[in-house]
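Just below sit the structures, each encoded as structure tokens.
You will see chain A twice below: alongside chain B first, and alongside chain C after that.
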Partner chain A sequence: MKILVCLGNVPDTTTKIKFSGEGTKLDKTGVQWIINPWDELALTRAIELKESGQVPVEVISVLTVGGTDAEPTIRKALAIGADSGYRVDADPADSYQVAFQISEIARQEQFDLILCGIESSDYNGAATGSMLAEILDYPSLSAVSGIHPVNGHLEYTRDIDGGRETVTLDLPAVLIVQKGIAKEPRIPAMRGIMMARQKPLTVKEPGPSAGYTEMISFELPAPKPSCRKIDPDNVRELVNLLQNEAKVL
Partner chain B sequence: MQNKTTVRGGRFMVQATSPADVFIPEEFNEEQRMIAQTCQDFLDAEVFPRLDDIDHQEEGLMAGLLTKAGELGLLGISVDEEYMGFGQSVITGMLASEVLGSAHSFAVAFSCHTGIGTLPIAYYGNEKQKAKYLTKLATGEWKGAYCLTEPGAGSDANSGKTQAVLSEDGQHYILNGQKMWITNAGFADVLTVFAKIDNDRVLSAFILERNFPGITFNPEENKMGIKGSSTRQIFFNDVRVPVENLLAGRGQGFRIALSILHMGRLKLGANVVGAAKRAINHSVQYANDRKQFGEKISSFGSIQHKLAEQVIKTFATESAVYRASYDVDLLAQEYKTVCTTENPTITAYAHMAIESAVLKVFGSEALGYVVDEAVQIHGGMGFSSEMPVERCYRDSRINRIFEGTNEINRILVIDTLLKRGQKKDIDLYEKAEAAYGSLTQLAAHPVLPEAYYDRKTLFIGHLKELALSLIHATTQKFQRNLIFEQEILNNLSDIIMNIYTSESTLLRVQKIESMRGESASAVYRNILDVTLYEATGEILRSAMDAINSFAAGEEREALVKGVNYWTVSDIVNVKEARRRIAMPLIEENRYTL
Partner chain C sequence: MAVLVYTENWDGKFKKSTFELASYATRLAEKIPDQVVALSIGHVEEEELKKLGRYGIGKVISVEDDRFKTLDNQVYTRIIAEVAENLTASVVVLAHNNSGKALAPRLSVRMKAGLVSGTTGLPESFEPFIVIKKTFTGKALAKVVIHTAKKILTLAQNSYQVVEQVVPVEIRKFVPVSAGDVKTVVKEVFKQTGKVILTDADIVVSGGRGMKSPENWGPIEELAKILGAATACSRPVSDEGWRPHEEHTGQTGKVIAPVLYFAFGISGAIQHVAGISSSKFIVAVNTDKDAPIFEVADYGIVGDAQKVLPALIEAIKEAKSI
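Coming up: the complex of A and B.
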């Protein structure tokens, strides 16, 4: 089985977000980039499957759509345990463009199982995985919280209202995974870091899609108003504020 | 690593260095950054959530953490690949030490294991000893400790009384004695123990295993800080040590102890940078949260001053740590390719003894300032054990004591420099005599170049001239008795330390600007301005302290004239400069330089 894990290259969650170009661009100065946390867990689970030996995993590849500044993210994935990496040399523009670029590589390389995090921690579009499955015309499963080897094949679990369902899929397929798919992301060990430099990282030219979305402007959320304490005896003031200022009553 | 002019320890005092010849942290490659991130991820996942448990010495916790660090390969970074390590450069090891240096008691256990616990065997062990012990230390299967200090032998390490006597059958050394302040003693499997064979004048070193009969351990010491670090006395009662466990031959112990301490001092410089950055983050985050008089306290000038000073001192230490570490790598490489030496890396460390001692003292005192002001920024809360800065404060104090006290290291800085001059490793005395001779020809004021970096470079050069003139004056005056004038030696060492660290800051800022351009480097120029302003002020005072302690009449007059000439510096609006240094820290809410 060939597994592809799609990696988003996203700002570290503690990044102080700033904009440039009068609010039309994200200011990337000083931003520390990380693997999108959902994708990192997907990678962790893929490695666990390979290591378990309960299903034959021939190779785990990772793919990112991005410029050269995304390569440290790919190499970290290689250090964690992926076997090979791909970078599609294009700035990620929107979910469709990213899904399209992934689909081109997925077709060329004939992956059996494609894992995508359910969303990315930067734009939280939650659309790439589904779009990818549609473009490839592969079956897909969303919000997967468990991948289990059973008698040499895989079963998947999803949390549903009031319980959990277990399903199987014909391969090739796209799995859109959520947190819980693996317990903790792995920390790259020294040996993995040393080996990462010898693993293949292939740069691919982008396919013919620039996406459908035009970014018009960014703005930061309004700063949170400071906390106000109201005397417990003054319920009238509390109701007044909730009704007229917070407008929640 | 590219070739450059041969570096020699202490040479910075007699010649200029180009920015191209120094390594700056901004040049770390992707792989090194990944190693640093692995160290940080390990701390975030395993160590920081358990700081209280570590300080309570939860049974097995510290040893378990070292085992986990070993599984990630972090214990073998500096060990050769053939012994299960990763054979990384000194500078990469220092980067890992910096990150892990923020981890309070774990940092001490880690440093002890990977440094003094492992490196005596790595550098001085024979093939059999390395195969048996080093491989297990590198992977973390076994933990290491280093037993040098005794109740009557602290700074004067060679006066230890632990004794080794060869058994009648010649198969064992019988060890008797006592060691104290032994880090990792509670769980270490391998002990490097220093003892004198028969009535030798100097020490020998032995490898002991914990389970050798006759070794007993006192309970844990109650300490002011690093409470989670295991520290015990160890007693050796007729311990039979196989003769093959003698390390590097009879009488080699003191040489081993000193060499390992050179390395440990440089490493301590890296450790304190990590600890300082963590304390700065606590400081700014509290200052941005805490409101008084309706404003965040980070908006007040007094707080910005403290934050800026924390940054400046940390930046200067960091600049010097990586400059010195890179020089160790270069020297080691040179010894490997050009010269024949038994151990290139340890010879290179020994060569950088002056810089290592500078970093031990300057770094530990910089951290002392950072944590002290971290508590102050927190106000009353800083005095509460609820806040992390309380632990930062307590844990930092030991850095001025271990790896040789700062008093010993201050003497080492100037004493080693003078010895290098006597041995003609560097042309110190010629330059010192020339500087002293120039005193009578100095104009009232120096002519200053227009260009910013030319001026700063000139100032550093002037400070060196001042130091050299004082070296000449004091060595002439006191001759062999200079060693008994410790206060004056301390003055000279303080001058040398300020020169090395402020020059390192200058070279780093200059290099950053050449990489990123002037507009992106404004804050760095502010740091350089204030660093040099402060260093010049401190050097002026140290120089006057020294001069007033020994010189009189015409000589005093001439030396004071030199002080006035050689301490001319730029007029800096330090209030505005410090505010500009504090601003990015406050905006980012963390140390990002």
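Coming up: the complex of A and C.
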């Protein structure tokens, strides 16, 4: 089985977000970049599957759409345990454009299982994985919180509102994964970092595609009024405020 | 031309969020102006379908076929796209929930229609078509323009109020021709019973590592019970297995927008706050007066959650005479 894990390159989750160009783009000064958290969990699970030997995994590839500044993300994934990396040399414009670029490589390389995170923690599009599946005309499962090898094939846990289902699906397929898929993301070990340098990283020219949408400006939400403190020995006062001031009880 | 709204059902029933979505679609169609049509897939009784008429939906297309009981993303996408094409729909709206997130992007590709997921309100303008959504998990708002002629929107949960506007409903049964075979096979289903679902809840009672151990969750559950609330937790709490992962709230867990959110023993790390900052009111209880949770809370108590919880339960019981 050939697995592809799609990686987003996003600001560290603790980043204080600022904008430049009169609120038209993210101010990247001082931003630390990380692998999108769900994508990192997807990669971790793919490596676990390969190591377990319960299903035959020949190769795990990772792919990101981005400029040279996205390469550390691919190198990190290779150090964690992916076998090969691709970078499509294009600035991500919107989910559609990114999905289109991934689809070109997915077609060439004929992956059996493609894993994408449920959303990216920057633009929160929650769309790339499912768009990719539609472009490729592959089946997809969304909100996947478990991948289980059973007698040499795979079963999946899919979260539904207020519950979950155990599901099977023919390959090739795209899985859109979320929390639960792996416990903790793996951290690269020294040996992995050394080995990553020998692993292939292929840079591809982008295919012809423009986005369908465009983010034209950003704003920070209005600051909250300061917190009203209530004495711990007077919780009745809190109940009173919730009932009569906030009117939510 | 039309605005098409996909109204999902749960075991044949709609939820409050369905009616919020219906109200949103009705208002959107009025503004364009265009007719609004709902699409229901799976078996829903006529009486239930007619409820959509209370929120301004005059026309419902119902695809009843038993083959479509299971959510198969490819098949559902083809059905919605076929109906949208028949109606020459200009906008399709879905909920920004698990199934909406699974279907809207596929539809976007199939219909060559730009998608904005998780919009928080009506478009700011129609020419050009500009909508607002949250980005950086609630840390910022973005204006997004859709360049394509057809548009797909998913509506963020709890971002639009139900508006009653009663109209007569015409229900039309429809048999799609393009659906294809269902390939998703469900082998087992687990459903939470007797609990309020976190993403539906108006009130959420949440606990963090400051609750110290899983045995201390009794009062959190009791408070949730008397308020008809859902329970939630911070990430380390679900990572430790103190609570199920469904309860994990925050940037990498569930993003919620209840009317009232209680945070007991939660420090208010930026990743946690990202998932709760859209709550209308936040109440924080924490022993540390400098905990960052107080920066986002509306009401705060600096104190021990173990002591505050029983007192709060008593006070609420008293105020609500239970």
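Following the convention adopted for this analysis, the second predicted complex is superposed on the first by the 225 of 249 C-alpha atoms of A that agree within 3 Å, B and C clash if a C-alpha of one lies under 4 Å from a C-alpha of the other, contacts with A are read in each partner's own complex, and residues count from 1 in each chain.
The rule is short, and it goes like this: a contact is a pair of C-beta atoms (placed from the backbone, for glycine too) under 8 Å apart; a residue touches a chain by one contact, two chains touch by 3 or more.
As the structure is a computational prediction, the values presented were derived from the model and not from experiment.
Set side by side, chain B and chain C differ in how many residues of chain A they touch, and the one touching more is C.
Of the two partner chains, neither chain B nor chain C is touched by A:L201. Legend: residue contacts after superposition of the two complexes on their common chain; A:P139 is shown touching chain C, with no touch to chain B. In the superposition on chain A, A:T14 makes contact with both chain B and chain C. Comparing the two interfaces of chain A, the one with chain B and the one with chain C have residues 14, 184 in common.
The part of chain C that touches chain A in the complex is made up of residues 10, 71-74, 77, 96-99, 101-110, 112-118, 130, 133-148, 183-192, 195, 197, 199-200, 203, 227, 239, 245-246, 248, 251-253, 259-260, 270-271, 274, 277, 280-281, 283-284, 294-304, 307-308, 311-312, 315-316, 318-320. If you check the complex, the residues on chain A that touch chain B are 14, 16, 30, 71-72, 75-76, 79, 184, 187-191, 193-194, 196-197.
Those residues of chain B that touch chain A in the complex are listed here as 30-31, 33-35, 37-38, 41-42, 45, 71-74, 76-77, 86, 587-590, 592.
The residues of chain A lying in touch with chain C in their complex are 11, 13-15, 17, 19, 37-38, 94-96, 99, 118-119, 121-131, 133-135, 137, 139-143, 145, 155, 159-170, 176, 179-180, 183-184, 211-221, 224-225, 227-232, 235-236, 238-243, 246, 248-249.
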